[in-house]
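If you scroll down you'll find the structure; I have some questions about it.
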Amino acid sequence: MSYSTQINKHGGLNHLLTIEGIPRDYLIRVLDRANRFLSLGDNIALKNYPVLKGRCVFNIFFENSTRTSSTFEIAARRLSADVMKLNILGSSSSKGESLLDTVDNLVAMQADMFIVRHSCSGAVHLIANHVNRVSPNIQVLNAGDGCHSHPTQALLDMYTIRFFKKNFRNLRVAIIGDISHSRVARSDIWALSILGVPEIRVISPKTLLPMDIEQMGVTVFSDLNKGLKDVDVVIVLRLQNERISSPVLPSAKEYFKFYGLTEDAMKNCDENVIILHPGPMNRGVEIDSKVADSASSVILKQVTFGIAIRMAVMDLLHQERLERDNG
Amino acid sequence: MSYSTQINKHGGLNHLLTIEGIPRDYLIRVLDRANRFLSLGDNIALKNYPVLKGRCVFNIFFENSTRTSSTFEIAARRLSADVMKLNILGSSSSKGESLLDTVDNLVAMQADMFIVRHSCSGAVHLIANHVNRVSPNIQVLNAGDGCHSHPTQALLDMYTIRFFKKNFRNLRVAIIGDISHSRVARSDIWALSILGVPEIRVISPKTLLPMDIEQMGVTVFSDLNKGLKDVDVVIVLRLQNERISSPVLPSAKEYFKFYGLTEDAMKNCDENVIILHPGPMNRGVEIDSKVADSASSVILKQVTFGIAIRMAVMDLLHQERLERDNG
Amino acid sequence: MSYSTQINKHGGLNHLLTIEGIPRDYLIRVLDRANRFLSLGDNIALKNYPVLKGRCVFNIFFENSTRTSSTFEIAARRLSADVMKLNILGSSSSKGESLLDTVDNLVAMQADMFIVRHSCSGAVHLIANHVNRVSPNIQVLNAGDGCHSHPTQALLDMYTIRFFKKNFRNLRVAIIGDISHSRVARSDIWALSILGVPEIRVISPKTLLPMDIEQMGVTVFSDLNKGLKDVDVVIVLRLQNERISSPVLPSAKEYFKFYGLTEDAMKNCDENVIILHPGPMNRGVEIDSKVADSASSVILKQVTFGIAIRMAVMDLLHQERLERDNG
């Protein structure tokens, strides 16, 4: 359902809801476009790409987030957009208003883009479907919905991988952690598949694996050392606190013992391996401090690249809209 | 007391605190002024009315609100104002500071306009009176105070009614719901009266009616069907959750049975009736979903018009100040 | 440790962390610089000092604050900076991320200045030390850390004192209240000492005095009337609510009886005494309402001056950076 909602009749993106179904060329186009926004941060010429000048971006967060919300806001402002922050927690939705009524109200305020995060899988698609019916002028970007999708995270991860590995052709990539509840894992697997990575591995205790995982074209490992053998890229997932001491996981210490990324475990990887993590990190739970701070870690580069990717996505979506409006 | 605080010696508005006492011509002037801001939302020319450029607007909310706060912020920014959001909940006021000390501090920060919402009736007037004493340069806009007044809501309701009904001369308008606790009802009744609507009805259970209501020139109905007979405009009030299951109201279901606006009840109205609601809606409590989504519903138009009205009010108040300063 | 972190090799400030160690001439330079920003508030020419145009300021508050956060935001915006508000309460830090990981992430977002408030003494220095290691381009301003330092409050207090008293040469200054837990008291004492005030007094119950206080060059009084004898300036500290009814303080009423600044107590002071308070005030606890509202009170002037001082500090720090970058 997702990709038909987001793709317009010319094959371009009207919204960005999920990586699933986006053609390889389009993903590459986003990564290429991000290049032009990368040197912006450290000089004074921020205002030189005013493509969203006079446009209004609503940052609509039904779930708390500082990092994602802030980087989207920075990205939008660097394109000269007017950004409205709307924390919906504790507002209309708590007053008993339905999700679509809230959305209808935001539509009536006449924004140009909605950046939406929601704790329920599928909520952002529901919103985009609804927006498609009521207003052709609003574009929806998924900033994370439940366990489902977090497309800009996947795009920034792909940008980071390409930046350090040049291309996707001969890579072994391992994703470690709670695959079952991770929108990052799902989005990364889709992106890696589309971009042609030949070997995608997931390393996870069985209790944190979704049932259909092998249908996504990945190899499953429950042993960390075997899973890391000769990999070029490791994506470490955050272990959500609410998982710890639940039936699926006895303790953080136990998890670290078997799945924490330590210097010892790293010895299995290719010597030029890079380590990614979507943040925020739990040091001593899913990753050892020495690994987090090692030369292999590109975790902070991801944050910087994330702003460029979000600028690129907004820039491209806006261009799609202009092209549509002009013919 | 209210209108003497807000009206300056030339009969213009220095603040906007309440609809009560504003001359008919001035209300019409606000509605007319809003016209020029209505097409702004859907094109890129948002920045063409920079009347508040270099001016600082403080959005001071002592009570939670997403919708009203956001539409005021959007309106101020579209006039090129610098907007500061100040959520006073859990800040200085919780540290034991008095309301007027908080206001004095905000005055000392040298804003040009205060947009104020407060849960206590009269609080915004208190603030405006105080501001009149300490600083001639700050204009106060009431964004809702307790059960008392919500003037921009009334103005946008009037704009909506005029938009669809062309004028106020021959209208029957019914307001349904908890009149007693509603600042929207009070403000609408004042506005409708001043604008010359010949028949204003309120439809409400007796427990939710204020004692002095008939002195406001309205006709009271406790039967929904009789009250709706031949009306041209229905304003449905939100039933506040805290009213439900209180001594005045057994249950939401009971309320819906007698006062919920259903398709059946709608049959009593004029065939071209329009339905207004200040939002957020409780579907299935004060309004049936089919009615909310029917062609008669102009609820989302109210949101869009609300931004134009708030721009118009800020524009006019600012002009009053300039005229005062120049002579 | 502090001053070596904040001072660059040419003796200028790279960060503003603490008043301790800043040379007298530099403090005077900040006060002088603030003059140019003082008439800005009340006219339309706010945008005439766009020294931070294209620069990004992060307002990073690990502790709640409306007043300080707002005045820093106003100050930065009046210099045309892009301001991002980041309330870290209840975000990444509550997700178990370490302070320095949070900071690293913010650094990776490529801001130019961090305005930081933190409830722990020393936290802002820790951040600045870390920033010095990882990014030469970010300047850190301390907006209050624990019981340690609040340098812009001290600077605005000094500005206020100089504004009314012309110079610091012959002054008697008394600080009343909970010295032990007050970053304002510590910062003011440092500033008054450096600026050459000959007599600095603290008036406080023994339970609210730090042990090393006399080494700071102040005279200690436990009797309010004696302490106020012939003083030219009184700085009244806010009594934090959490101190009241704790072992160190029986009740607010008891405190007011012995240390509340009343009209009677004021009679001990010089007839031209001025009263300062960092806000928010507890009327009837540390200060009587009549004193707060008297002609001697310059408390609201402090708020206005505070914006000018914060503009001056940001302007000067930015200039230091430009000079460093250009040679």
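So that you can tell them apart, the chains are marked A, B and C in the order they are listed, and the count of residues begins at 1 in each.
The rule is simple: a residue touches a chain if its C-beta (ideal position, glycine included) is under 8 Å from a C-beta of that chain, and two chains touch if they have at least 3 such contacts.
Keep in mind the model is a prediction, meaning the values are calculated, not measured.
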(request) Mind checking the rotation angle between the two copies, subunit A and subunit C? C-alpha superposition, nearest 5 degrees is fine. (result) 120
(message) Looking only at residue numbers at the subunit A/subunit B interface, is the share used by both copies over half or under half? Answer same or different.
(response) different
(request) Provide the C-alpha centroid distance between subunit A and subunit B, rounded to the nearest whole angstrom. (result) 40
(request) Identify all positions of subunit C at which a residue touches two or more other chains, and write them in rising order. (result) none
(request) Would you mind writing out the residues of subunit A in touch with subunit B in their complex? (result) 53-56, 82, 84, 86-88, 90-92, 95-98, 101-102, 104-105, 107-110, 137
(request) Would you mind writing out the residues of subunit A in touch with subunit C in their complex? (result) 41-42, 44-47, 64-67, 70-71, 73-74, 77, 241, 279-283, 285, 300-304, 307
